[in-house]
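Heads up, there are several structures right after this.
After this come two complexes, each holding chain A, first together with chain B and then together with chain C.
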Partner chain A sequence: MRLLMWWSGRALSSAATLLGVSVLIFAAVRLMPGGFAETVLGPFATPEQKAELATRYGLDQPVFMQYGHWLAAVAGGDFGISMISRQPVGAELLARLPVTAELSLLAVAGSVLAGVPLGVLTAVRARPGGGGAAGRLLSGLGVSVPEFVLGSLVVFVFSRYALGLEIGAWVPFTEDPARNLATMVLPAAVLSVFAVSVTARTTRDAVMGVLVEPYVTAAVGRGESPWFIVRHHILRNAAAPVVTLLGTIVAYLLGGALIVEHVFNLPGVGSYIVQAVGRRDYAVVQAGVLLAAGVFILMNVVIDLLVGVLDPRLGVTAGRRS
Partner chain B sequence: MRPIRLACGVAAALLATACAATGTTTQPSTGPQAEAAPGYLAVADDALPPGGTLNAQVHIDSGAATGYDPQLADVATTWQLLSLSYETLVTVGPDFGIEPLLAEKWETPSPTEYVFHLREDVSFSNGRKMTADDVVGSFERLLASESVWRGQLGPVRSVTKDGDHTVKVTLKEPYTPFLAALANVPAAVLPMKEINDRSVDPATTLLGTGPYVVEDHRQDVSWTFKRNEKYWAKGKPAADTLNITIAPEEAARIAALQNGSAALATLGNVDSAGMLAGARDVQVVTQATTDLYYLMLNTKAPNSKFADPKVRQAITIALDQQQIADIALGGKGKPSAVTPAGLPGACDPAALPSASKNADEAKKLLAEAGAENLTFTLSIYSTQPAPAVAQVIQQNLQQAGITVKIEQMDEASWSGKVYGKAPADFDAALSWFAGYADPGMVTKWWNPEEAGFNVGFMTPDKELNALIDAAGKEPAGAAREKALAAVCARADTDAQMIPLVTRPATVAYRSDALSPSLYSTEGYGNVLRLVADARVKKTR
Partner chain C sequence: MSLLSVRNLVIDYAETRALDGADLDVAPGEKVGLVGESGSGKSTLGSAVGRLLPRTARRTGGEVLVAGEPVFDLPPAGLRRLRRRQLGFVFQDPIGSLDPTMRVGAQLRLVLGRGADVSMHLERVRLDDPRVARAYPHQLSGGMAQRVAVAMAMATSPELLVADEPTAALDSQVREEVLNVVFSLAADAGTSLLWLSHDLPAVARRCDRIAVMYGGRVVEHGPAREVLGKPAHPYTAALAGSAPAAAAHGARLEPVPGRPPVLTGPSPGCAFAPRCALAVDRCHHERPGPVRVRHQDVLCHRAGEVTA
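Take a look at the complex of A and B:
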């Protein structure tokens, strides 16, 4: 029953959040400078052509009516029609989602596989000369360098020295897995640099917090090996903040994907939204942002559940058990 | 400390490599582009076997908001893509010569009559033979449409057929650019039988007589074209498949060229040629186009700073077009009058009234207009090389005591500001036109009564409009050159839209993967004009 109430609460708060996002994004795209008609149709368009375009997409109606129609359509699974391609936005998002999902998964995998060991290593070797300063420097750099700078640098360097990796030549995984990975490694690496740094820092702090716990001291006293202690006593107890962070990172990666997909010319959701913003393709921007918000909310629910599994004291119904 | 040193070393090495990559971009090439043959930058090697897949990358997709209808296409990027499936009666050859295409020949019994004899072996890609009815119907549809090209076709009185393979076009009055206007995609011959019986909607389906048929198109992602097996020109197209990837990021296109995943790419930044210098098997060529940068001075804004012609003339005098061409366009552009430089019969920009004056005279004009210490905002979009052009303008005008603030924005914001309302809400703005294939064509855009998009910032100049019309009627020759010179001089004095420099097109291809044909000059922004001739050597 408590779990049911928790789910109901989360569903309601998620719906409210999505509704808020929908209002914000709907208003934001209409506040952007530059008219859709001049952008979509070009300078040669006649006033009649502009009016016809506005009528076709319902953009000649009052804004609140436009919002109502759009919201009703979205609730029914219809994300509208792109003014540029004249194709359904939902179908195009679905076609592009695998690219962004693969990119994000690779980046998350990179963040976990590199960030967690790095964080543990810098925590257990937190002594002068133990490499902690280098770790902090690297993670500081990773947090500080924006994706468009790092991405451009990587594109320049790997244009000259490809090392078997490819830029600007994406192929679907189902068509050629090896070539697909060769085109995804670099963008995923660029996208994960920030996440690796943050994961490493968070892991380090969490591990250092656990290291001073009495049960760790007792394990040392029992003569257990350092890596046994790390595996059995530290990692699980330090995992909760790292897992929570990963939820935030996924949301961050969705934002970063906008830039990285554009820089590396990957046909994902991110580049779709960037192009749509540039061309004032309202339906695409609205649907893309709403989709990103939905993924973010879903990830937070998953993370809440996962944290409960890792540490029952922090579970979704833990507060009510005591 | 060793790890810190290592980290610093890696960072320094990365930066050094990047700097080395960009460090090759410094020397602009001012010499003429070497030609492979007269009028050609490259000529496809016919000895190579046909077939294969050609992978190309371009920076932008067609403007598909109006669909695929060629008659409504109004930007060069769309013409380029639609030209793979659609063809016109005549086409543009090397150095802007007009050549037969779907019409195997034509006659001009009088200055107002054109008789086209159609090829008899032409079919649409669905297999139906093209007839004179398709040509007549296409003309009538275009003339009844809201197409911007309707105005470029000139004063067409009637289009009639004489049998299945002859079409006669009668003009109300002589119009010299007529054939050049016929050579562009909006004047393509459409499958009128299918359009009329509604079995084909040209907005959603490409059905033409051209060398390729569309197999797949994902907006802003890619096009896949397959050879049109019913194409009338024997042995063409050479490549079986043409994949065109839309890659907005120039650096990604350069990378694709270098790693061989693209055999041909268009480049927008004049420095890109330098970046590819020394790249193995990559050839970079610069096509001289008639595309033309111009500066708009808004005379219609309330309290316009440019209402007084003397202020506008001072700005024209202070601009150094050669500097713009050399600095912002790496020496690849050419100073131009309203008739784009390079076109036969185009005006000499050095002969314009403003060309013989200097900065002191510009200051004097400003003083006479009471506009000393003139300050204005120049609105530009962020796509290169527009910002570089704007910076040179800013420095030029500073010499005459004019302060220019550059307002850089994304293209949508820029379009909204410049074309969104009348009167327009800007001081000055920078843009470019496709310059077309006849010097009497783009000059029409200096008449806001003909070019509706200018009406928000440009006041009609009756004298200029009359001169533009008169030049259109003059047959090619000395009298026409004189008429065009009068247009150029008047536009220079009117100075509401100031022509600056031509905008070059840079194309790069892999010589180990492709043997393309490319004209040295282009009027309709169509880098893929001769792609049916290209021979594929290998495909990655």
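Take a look at the complex of A and C:
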């Protein structure tokens, strides 16, 4: 019963959030300076040509009518037609999703494999008063270097000097896995710099918080070894904030690593949206942002479920006595 | 030979001195009550027995011997072995000292090893409801959680159990039950007990000997009946005379007017002198050394002149 209530509550609030996002993005796209007609027809188009184009795409209707049509279509699974490529937006997004998913997976795997052990190690090894400064500086640097700076730098270095990894020569994974991975490693690494830094930082803080808990002192008092305590008592107790962070990173990346995909010329969701914004391709931008928002909302539900499994005090069914 | 021997132990936190030359002995099988106000250093002393002090703590001087082994000078592996075989700890916060993400049964199995009889160990602390093993700590009452903690601490039949105010966080009805469990398990296993408390009469009822702490030192140490009945240190006299029966049960007592000291370095004289009715000039400038009065070891220049 409690579970049912929880799920229906989550479904309702998720729907409300998505609806809000849809209004915002629909309005935002129409508030962008320079209309679709100007972009498509160029600066010398006559008013008649523009009007004709507007009528063809229904852009002459009142905005709330356009919104209503679009929302009804989206609810039925139809995201519209790209005004540039004349292809269905849903199909194009779906075709590009694997690239983005692979990129996200690689970046997140990197941050889990490097960030979590780094955070645990630096927390367990931390000495009172001293230390931590170098780590803070490094992670601060990793968090604050913008992706486009790092991405451009990497693209420059690797295209200027033959270092064995190709830039911009993407091939599908199914065609040539090795070459595919070779082109994905660099953008994934660029995304990882940020993700590893925050993951390490968050893990360290979480572990430091758990280390002073009385149950850890109790385990030390029982004569358990440090790694036994880390494995059995610390990892799971410190996991909630890290899982929340990683989930958010996954959601952020799945919505399209806009800049990195664009810089590395990867045919993912991100570069698709960046192009669409540049060309005022309304339907694509709307669908892309809605997809990102949907992934975010879904990921938040997943995070809540995971955190509840990890810590029974926070679970969906918490409070129910056995 | 003493099982536990604390010699002139000095422990500092960043700016404050928690222990200012503490001495304490516990013989095998003995039940010792360590009594003092909050801030007297009793928790620091209890934790120092297993070197379980917070990371900010520093041992400035003295030593702790458990079964002859110097706790502060053992290599990590030796220290772990000592904690595993000789020592057990029970803390103030019963639910906090259990891992919140593990069921009680799983935690006990982790301590006891695979295939251990969890229900037998729970029955030993009089938890025979089978639901306890399946519960998470937050689903237990404080008294139940503390009995689980006692079961875990006593699972290995340690030689010395340090119980740091194990009933401070509990309702008054369950306090006696938990104490009964602790004392009967300790008696069965021949475990020595170091029970930290602020309640002198309660401790005197159950313990063989009592050590009274003030200002980071053990100021009086002797047989329970003597310490309670004929205290030799003015501070103990104040503690013993402050008629707890008159106060609400479970309330913290303020036996002596004034506040306990916060030391930043070695106390120049007797730390109790500012609150002491018997203090003379010498008490403020000269650290009292141990003197023997009747059956007690006392740190006081005027010991022997005290009448409770």
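Convention: the second predicted complex is superposed on the first by the 298 of 322 C-alpha atoms of A that agree within 3 Å, B and C clash if a C-alpha of one lies under 4 Å from a C-alpha of the other, contacts with A are read in each partner's own complex, and residues count from 1 in each chain.
Operating definition for what follows: contacts are C-beta pairs under 8 Å (C-beta built on N, C-alpha and C of every residue); 3 or more make two chains touch, one makes a residue touch a chain.
Bear in mind that the values here come from a model prediction, so they are computed numbers and not experimental data.
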Check chain A with both chain B and chain C modelled on it and let me know: fit or clash. fit
Using the touch definition from the top, say if A:Thr39 reaches chain B (first), chain C (second), both or neither. first
Should A:Gly58 be classified as contacting the first partner (chain B), the second (chain C), both, or neither? neither
Partner chain(s) touched by A:Thr217 [first = chain B, second = chain C, both, neither]: second
Taking the superposition as given, does A:Gly20 touch the first partner, chain B, the second, chain C, both, or neither? neither
Please state, to the nearest 10 degrees, the angle that the Cα centres of chain B and chain C subtend at the Cα centre of chain A after superposition. 150
Per residue count on chain A, the busier partner among chain B and chain C is B
Would you check which partner chain A:Arg236 touches, where first means chain B only, second means chain C only, and both and neither mean what they say? second
Partner chain(s) touched by A:Ala169 [first = chain B, second = chain C, both, neither]: first
Least Cα-Cα separation in the three-chain superposition, chain B to chain C, whole Å, stands at 22
Where on chain A do chain B and chain C both make contact? 129
Per the contact definition, I'd like the list of chain A residues that touch chain C in the complex. 127-129, 212-215, 217-225, 232-233, 236-237, 310-313, 321-322
Contact set on chain B toward chain A in their complex: 1, 3-4, 6-7, 11, 14-15, 17-18, 21-22, 57, 63-67, 74-75, 146, 148, 204, 218-222, 245, 247-249, 251-256, 258-259, 261-262, 409-420, 451-453
Touch list for chain C against partner chain A, complex: 50, 52, 54-56, 79-85, 87-89, 91, 93, 96-102, 110-111, 131, 134-136, 138-139, 149, 152-153, 156
Touch list for chain A against partner chain B, complex: 32-35, 38-46, 48-49, 53, 82-87, 92, 95, 129, 131, 133-135, 137-138, 141, 152-153, 155-162, 166-169, 262-265, 267, 271-272, 275, 278-280
